[in-house]
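My questions will all concern the structure given below.
Lettered A, B, C and D in written order, each chain numbered from 1.
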């Protein structure tokens, strides 16, 4: 599979065309947090419904490229219903995955075994992004924004 | 004769080693004028004794390279005793000689006939300077200073 | 008239031979930076191989040669833009952006007071906006904007009112987003009639058609080497002599002084006073080669060539995509240059550019450093294709092919 | 230890093969500008031939490559000077001079008030004097000078008193006139002990020995590409992260903003905020190649090589001319670098340089942009010879031959 096809996998395009958890939650009681990528103008708004240490519901709106939109859709699907601790762990792991060192990707999910892939589930579709360093910011925008929202709710 | 030998002619070296009209005049009654080349630090001080429209006496002091020193020495010898009008004409002609256009010297005294050479006398020794554009400022410092002095005495 | 042959220009530009993703490069990003021809690259290499030395004050031969090369470039720039006062009006900066900062901090800070107005336009590049905000924050001037109409032109009906209290009108000759060409001569007349000066941003115009600061009757012109087939690291600020003489130094250091003592300094006369430190010498040599190259092409020819390409591209974009690809800019080529901003239905500019990269087509997605303009048209970004003298009709073929693919992938 | 062979370095530098006045060039003007090796020249040519594009925000392949090349150079610079915070502390400017102007106008204007003192030295280059006078004229700071002793060193006995009210000590690592190396680590300790920061002018040091901003414990370091075997048109300002974070933008324009609206702007984070407009991209590529080249030579080797050349030259100058040629600078090579200012009895520096040019020897006559220092020693000018890594003992042979001729001609 070429890098290009690895970037625009079917799952990505599917989430771009039919984003999950799109919409708003009344805030308050929900928590609203905004993320912005000044370089490309992408914007994401996330609504968090947190109760009893659990992310009961999450919605997102905003606009951006296919990578940022599908990444936020995939994210909402992955974190919804999880414990806050579980969410934090996933966010950290994802941002780690998206980190490129001086000489290319630090972690390349495609070299990892089945276990690893199973752990990531649909999110593994985003692993192709690391080969396009300029697009990493697109893929991580929603995740940074979510992290910021969690920190606002309960400082780490 | 190489350009280099043409620059450092014997007359130049002679005037550098034994400058004519070196010294000061009491000012007033003489007129004192200073010239300065900020790029190389050369300095010339000229004293003018002007009476009845004639440059009765001229002295110079200061420090600088062989070209600036010999040029001022040659200048004093050439202008002393001349009418102010004659001095102005000579200064203009000399500054003209030292002007380089975009594509090299505008006037090249060496191409001129014997007449021309006779007119310049010892000053003709300075004609080699035009082949060294960075040294032209050295050769003209005293002349610009003299012109300034004349203008201070009687605005043109 | 000089001879012009775009195929020959293309052959002169080494980067255009490169293959990316299995295809020869289709370079449509000249509005960001232009690709230098071999003669420019070689002029700089030869300079470094043979005559590199620091300029000014040197006595040895290569130092003289370097100085002549540097000053020769200054004179060539002056001739190229028809500067009435020659090289004495040409300051070398590092880019267009520094040129505008120089205008703001030297001329602006000296000649403007709190309440005075600098009039720019909604279609300016940040380089001609941010320095004025900085000056506003420092001394309290007002920064006023000429609006842009729905048909992508300057809205000049109220120009006379807009010019009230204006000391400087600062405007781009050609928009780097819309492609709009502004009526520089008319604006110069209006500004001067109100006692204001006029600065022109030539970043997008100088490489694409004749520049004549005398005929335009303007006071400042700024542009960048890297956008006129020249190198990075050099820019130009031309300033009319009578204005230049009233401007204090900008940066301080070697070369811009007449004297320095432990209690103060005296600035140098002329353009030297704006060139602190070792200047971009090799870059001036490269810029000279670029100007020589453009001159040989003939700027009127370049302009005609790019106009034809633009007209063709606009027609084909509209015929092929039937509204699915919108051009954000005027459609009449008499009012615009070869900068074509695209809004592709349902496809984000980043994705457009990414798909086009598969076809080795180089276009730029983003706000193009013109955020006020993007806001004006409620756009976050566009995908921008732009022509240069080496562009060919076949570049548009590949662009259309790539746009089809993008629409298909995301449709 | 890396291998070092000056003959091989010489073979790498194209300009050193040139003949002038019938002789091969003897280049003794590295303090003005250094001569780049072939690898530097070719790195830039290859860049323009293959991967030139504007940096940042590009999506297509060459734009990514250009961005990587530009940012890669930043990281390489950081490693070369051992910056604790890596590339995030390295700002590319146009030269050392702009670097000092940036310190003065961004850090200085923010952190200093009327009456605060910047402490420089009598041996500074104008680049580290004039920006401070400009700041003084703008906001009323005091510019104070550490005196230079008769034996050409900083007079540090009263340093503690001199440091009173000082917010910044700004000092050159090596004098470009005297060759004196200043005790940077000692000065850093003294400044920090008094709560002041320290900026170091590395223009004359970075190409001539190891640089370690972490070990030196300094706050700013400035130097120029063209003096480290690199290109013109690029300079470096390294600033410790904690200090950098407190500094507002300098020039305004594209690339240095987070947002621009019609009512104001928001600066970008990090070093981007100091790099307005298209940066010197090809120059960064050339600088990277220069650093790679110097690294391969080994800076300790370069330093040892130049020390040996300097010691030899000083001995021979004194033995050959018996006082008719005076060296204006320390005679102990442990205290000095390979910058040798000459005062030739009865021969003006201009004439010295002119005669030396006949021998194809390149030396620089003048005040070397250090007029306060020249006044301190009652000199109008000196003729300055200076070494680089490509210098050889035979260069001194030709220098001595030329000096003999100058003494003979004017004697």
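Throughout what follows, a residue touches a chain if its C-beta (ideal position, glycine included) is under 8 Å from a C-beta of that chain, and two chains touch if they have at least 3 such contacts.
Given the structure is predicted, the values throughout are model-derived calculations rather than measurements.
Drop chain C from the picture and the touching chains left over make up one piece.
Chain C has its Cα centroid 47 Å from the Cα centroid of chain B. Separation between the centroids of chain A and chain B, computed from CA atoms only, is 80 Å.
The distance from the centre of chain B to the centre of chain D, with each centre set as the mean of the Cα atoms, comes to 39 Å. Shown for chain A are the residues that touch two or more other chains, namely 39-40, 132, 135. Touching of two or more other chains is recorded for residues 21, 57-59, 257, 259, 350, 354, 365-366 of chain D. In terms of which chains touch, the assembly is arranged in some other way, matching none of the line, ring, star or all-to-all patterns. Under the touch rule stated earlier, the contacting chain pairs are A-C, A-D, B-C, B-D, C-D.
Residues 14-15, 18, 20-21, 25, 29, 32-33, 35-36, 40-42, 44-45, 48-54, 57-63, 94-98, 100-101, 104, 122, 125-127, 129-131, 133-134, 145, 224, 226, 231-235, 249, 251-257, 259-262, 264-265, 276-283, 350, 353-354, 356-357, 360-366, 369, 371-372, 375 of chain C are the ones that touch chain D when the two sit in their complex.
The touching residues of chain C, counted against chain B in their complex, run 56-59, 64, 67-68, 75, 257-259, 268.
Within the complex formed with chain C, the chain B residues making contact are 38-40, 102, 133-135. Interface residues of chain D, counted against chain B in their complex, comprise 21, 347-351, 354, 358, 365-367, 374, 380-381, 409-410. In the complex of the two chains, the chain B residues touching chain D come out as 4, 7-8, 13, 16-17, 39-43, 63-67, 69, 132, 135, 138.
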